[in-house]
Amino acid sequence: MDRVLVEARGLSRNLAGRPVLSSVSFSLRAGRSLVVMGANGAGKSTLLQVLGGILGYQGGVLMRFGTPACAEGIPDGRIGYLGHKSLMYPNLTLAENLQLYGRLWRIVNVAQRIDTVVRRVDLAWWQHEPLKRYSQGMRQRAAWARLLLIDAQLWLLDEPWAGLDPDGRQITAGLLRDHLARGGGAVVTTHRWEDAQRLGHMAAVLESGRLAHWRELAGTLAAEEQG
Amino acid sequence: MQKIWTLFVKDMRLEARQKDMGFLMLAFAMMETLVFGFALDSGGRMQTDEVAGILWMGFLFAGMLGIVRLFGRETAEDVMVGMAMAPGGRLPVVMAKMAVAWVFCAATASIATSVDVAVFQVPGTRVSVIVVLVMLLGALGLASVGTLLSGLSLNLSGHEVLLPVLTMPFLVPVAIAGMEATGAAWRGGRPWPWIHALMAYDLIFMVLPLLLYEFLWEV
Amino acid sequence: MARFRSWGLALLGAGMVAVLYLIFLGSPDDAVLGPSQRIFYVHMGAAAVAGVAYTITAAASLLYLGTRRLSFDQWAAASAEIGTAFTTMLLVSGVLWGRAAWGIWWTWDPRLTATVILWVLFMGYLMVRQWTDGRERRARVASVLALAAYVAVPIDYMTIRWWKSIHPVVMTSHGFNMAPSMVVAMFAAMAGMLLLFAAWMQIRLALMRVEWGMEDARNRMRGMGRR
Amino acid sequence: MDRVLVEARGLSRNLAGRPVLSSVSFSLRAGRSLVVMGANGAGKSTLLQVLGGILGYQGGVLMRFGTPACAEGIPDGRIGYLGHKSLMYPNLTLAENLQLYGRLWRIVNVAQRIDTVVRRVDLAWWQHEPLKRYSQGMRQRAAWARLLLIDAQLWLLDEPWAGLDPDGRQITAGLLRDHLARGGGAVVTTHRWEDAQRLGHMAAVLESGRLAHWRELAGTLAAEEQG
Amino acid sequence: MQKIWTLFVKDMRLEARQKDMGFLMLAFAMMETLVFGFALDSGGRMQTDEVAGILWMGFLFAGMLGIVRLFGRETAEDVMVGMAMAPGGRLPVVMAKMAVAWVFCAATASIATSVDVAVFQVPGTRVSVIVVLVMLLGALGLASVGTLLSGLSLNLSGHEVLLPVLTMPFLVPVAIAGMEATGAAWRGGRPWPWIHALMAYDLIFMVLPLLLYEFLWEV
C-alpha cells in the first residue's frame, strides 16, 4: 500500500498568461486522500485537471503511478475524474452513456456493472431517461455512476458533493471511503471544512496557485454525520 | 482500433437519436438542387460542367455544415474531456470523427449525385466508376480537412467552435478539384490530373492530424 | 359506435366502386392525352384531400393555441400525417402523368416546385413532432410551425394562376375547361377520396389515443420510483 | 411590510409528461424568506422557475405582487432569479454583462452601481475579464452581482451558495439578510440544513413535487458562523 | 423599443468581440463566387439569370448559417432566460434578433452583389434601385423566417437548436422570388410580380411572430 500514486514537484501552469499554479509539490500514497481547499479562483480545478492530464503543465515534474507524465498532458485510463461538468451526452440516456464509457474503458460484463452502479447512486429508475431531463443533483449522481463504472485507481474529485442532497452526500462519502479502503487514492476539492475533516487524511490550502497550508488530519474517517 | 469503433458507433447512435446531421445535410443538398433547377431551367439546357459545379458547391456547404454540427455535439458538458481521458489517448477520437464525417459526406454525395443526374438529365452525365471514386475522394477530403480544423478549434476547457469559419478556404480546393474531375469524367475528358491532385490533398490532410494530434487538444 | 363504423366502411366501399366505375368507364378519353388522362381523377382527388387535410391541421393548431386542449393537437397531428400521405400520392401521380403527357419525369415548374416544398415542409413538421418532448411543448411548437407551413398551401394553389406554368388550369372563375362527364367523374373521385380521408382520420385518431394512453401508463409507472 | 409578495394555490406542472409539481400552496410576505429543501429531483428548481415565470404552470393559481400571473409564464422585472446557470454571456466581460442587464432593467447611474456590486462580491479586480475565464465559484459570484444590480423585490435563489468558498458564503448571506431587512422577500433552495436554519424564516420540504413538511424556523437569522 | 435597442447593441457588441457571424457569412458568399467563377468560367460567358441564381443561392445559405449562429450564442449559460426576464417581456427579444439578422443579411447581400457584378461582368447586370429594393426585401424575408423558426426551437430550459434544419424549405421561396426578380430587373424584364410575392411573404412572416410571440418561448 505504500505505492505513490501521484507526485508533483514544483508544478506550475499559466492560463491566459497569468500564473494559476506556481510550484505545487506534494505526493499521495495509495489508500490515502488529500483534500484541497482554497478560495474561489485559487486554482483547485486547474490543479486537478493538470494531475489528470487534461491540461498540460509548464514547469516542474509530475509523476503518476511511478512514471513521469509528459508536460503536454496525456490522460491515463487509471485516473477517474469528476469535474464541474458531467462529461456525458445530454441526449443519451444514463444507461447509454455508461455503456459508452464501459466500452471505452473495456469493462467486462458491462451490463451487469451498469446495473450495479446505477443502483449504488440510486438512479435505477431513471437510467433509461436522457440526461438532459435530469435535475442538477441527479446529474451529479450520474457523474458519480460514471466514476464508479470505470474503476480507476486514482480519483480526482472536483467538488464532488455539489448539488447532492444529504442522502446523496452520505452515499457518495461511503463510496469514497470504500475506494480508499481498497487501496485507491483520491484528491478532492471542497469548500466545506466539515467534509474535509470527515474524508481527508491530509488537507492542503491553495492560495493563488501555491500550496500554502498543509495539515495531517486526525484521519480516522469518522462515521457519517446525520443529515 | 476498438476505441475508434466504439466512438464511431456512439456518433451513429446519437445520429439515430436526433437525425439532425443527416437530415440537415440531405435537406441542404436537395434544396440546392431545387433552387438551382428553378434558377437555371428557364434559360435552357444545362451543361455538364454546370451540373458538376452545382453538385460540388452543394457538397462543400453540406459537408461544412455537417462537420460543424458533428463537433457541436461535443461541446455540451465537456464530453470531449471524457472521451480523451479513456485509455488509448486522443488519436482515436480524431480518427473516429473523421470516419463519421467521411460516411456522412460520402452518403450525401452519392444521394445528391444520383438525384441531380436524374433531375437535370444532362446528356452524357452517367455514373461511372471514376465518378464514384471522385466522390469518395472528395468526401474524404472534406472529412479530413474539416476534422483537422474543427478538432483544432475545440479545445477541452473552453467550449468554442470558432475555426469552422476557417474551414471554408481549405475546402475550396477540394471542391474545385472534385468539380473539374467530375466534369471531365462526364464529358469524357481527362479527369486524372484532378484526381491525383485530390489524392495528394487528401493525403496531406490525413497525415497532418496524425502528426499533430497531440497538439490538437492540448490546452 | 362499432356498428356505425362498419356501416361507414361499407358505405366507403360502395362509394369507391362507384368512383372507379365513373373513372374508368363513365367518362371519355381525353382528346389529346388519351387514356392517361384518367390519372387526373386520382391526381385531383389527392390534391383536394391534401388541401383539406392541411386546412384541418392549421385550424386545429389555431384552436389549440386558443384553448390549450390537447385533443386539438391530436387532430392536427393526425390530419397532417394523412395529408402528407396524400401529397405523396399527388406527387407520384403527377410525375407519372407528366411522363405520359409531357414526356419528361420532372421539370422546374412553379407548381411542381411549390408542391415539393409543401411536402418537405409537412415532412419537417412531422419530424419536429418526433424530436420534441413534453406534450404541451410539442403541441405548442407544432402549432406555430403548422401555421407557418400552411402559408405554402394557398401559394401552391395559386402558382398556376399567378405565374406562367406548363401545368394546366381547369378550374377558372368562368367554369370548368372540360367535358361535363369528366366534371362528374372528377367530383365523384374527390368525394370518394374525402370519404377515405374521413375513415382514415378516425382510425388514426383512435390509434393516437391508444398511443397516448400507453405513454401515460409508462410515465405513471416511472413516477412510482422514489425520485 | 405585510404585503404578500407571492402566493401559490394548488400549483402544478408537468415536464415531459410526468407531474413534477402537484398542488403546491404557500404564500410569502415581504421581509420574509422561505427555504425549500428536498431530495434531488424533488422539483425545487422547477418550482422556482414557475414562480419566476420562466416556466408556465398547468393547474392552480399563482399570484405575484397581488395580481394573478398568467399560466403561460410571463417573467416580471421585479423578480430576481439566480439559477444553476449564470445567465450571462461567457464571451463578454462581467462589466459588459452587467451593463447589458443594467440597461435592460433601466437602472439609472449604471456605471456607479456596477462598481458597487462587483466590489460587494469581491470581483472588482476581475470585472474586465470575459466570464469564460472565471472559475466555478467566481461565476457564481458574478451571478450574485447580476442579482444585486437589478434590485428586485422578490429573490428566487436556486442553491445560491453552490461553489462559493466560506468567504463568499458569508458575503452573500449578509446580502440576503440586508435584502430581507429592507422588506424584500426570498425563496431559497439549499441542501444544507444549517444554511436553512441560518437564513430562513420558514422551511418547507418538497417531496416528489408536493410540499410535504413545513416548519416556522426560530428565524432570528443568527450571526454568521465562522468559516 | 428601448429593450429592442439594448439587445440590438448587445448583439452588435458580441459580433464585434467574436466577429464570427459576419466573417462566416461573408466568407460563405465570397467562396461561393470563387467556386462558381472557377466552375463556370471555362465553359463560356455566364448569363444574367445564372448570376442571379448564384447570388441568391449564396444568400440563402449564408443567411441560414448566420441566423443559426446568431441564436447559437444564446444557448450557453441560459442567457435567453435572463433576457426574457427583463421588463418588457419577450417580444422585444424576438424583434431585436430579427433586426440583427436583417442587418447582417442585408450587408452580406449588398457586398456579395457588388462583388459578383464586378467579377462576372455579365452584360446588363447593373445595380439599380430595384435591385437594391429586392435585396433588402429578400434580406428581410430571410431574417423574419429565420427568426421565427430559430426562436421557436430555442426553448428556455433545454438548450437545443433543432429547428434550423427546417428553416431551409421556408427560405427557398424567398430565394426563388428574389432570384427571379433580380434576373428580371437585370434583363429589363418585369420584376414586379416577384417583388410583390416577396413583399407578401415577408409580411406574413413578419406578422406571424408578432401574433404568436407569446407562444414562441413558453416552455
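Going in written order, the chains are labelled A, B, C, D and E, and every chain counts its residues from 1.
Here, a residue touches a chain if its C-beta (ideal position, glycine included) is under 8 Å from a C-beta of that chain, and two chains touch if they have at least 3 such contacts.
Note that the coordinates shown come from a computational prediction; the quantities given were computed from them, not determined experimentally.
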Label of the chain whose CA centroid is most distant from the centroid of subunit D: C
Interface with more contacting C-beta pairs, comparing C-E to A-B: A-B
Chain whose average C-alpha position is farthest from subunit A's own: C
Where subunit A and subunit C are represented by their mean Cα positions, the distance between them in whole Å: 57
Intercentroid distance (Cα basis), subunit E paired with subunit C, Å: 31
For subunit D paired with subunit E, centre-to-centre distance based on mean C-alpha positions, whole Å: 38
Per-residue overlap in subunit C, given as positions that touch at least 2 other chains: 113, 117, 120, 127, 131, 222, 227
Residue list for subunit B, restricted to those that touch at least two other chains: 18, 23, 27, 34, 38, 42, 76, 159
Residue list for subunit D, restricted to those that touch at least two other chains: 15-16, 39-41, 90
List of subunit C residues in touch with subunit D within their complex: 133-136, 215-216, 219, 222-223, 227
Complex interface listing, subunit E residues touching subunit C: 148-149, 152-153, 155, 162-163, 165-166, 169-170, 172-173, 176, 193, 197, 201, 204-205, 208, 212, 215-216, 218-219
Residue ranges of subunit E in contact with subunit B within the complex: 18, 20, 23-24, 27-28, 31-32, 34-36, 38-40, 42-43, 47, 49-50, 52-53, 56-57, 60-61, 65, 76, 159, 162, 165, 168-169, 172, 175-176, 179
Residues of subunit B that touch subunit A when the two form their complex: 2-3, 6-7, 10, 13-14, 17-18, 73, 76-79, 81-90, 156-157, 214-215, 218-219
Interfacial residue positions of subunit B with respect to subunit C in the complex: 18-19, 23, 27, 30, 34, 37-38, 41-42, 118-119, 121
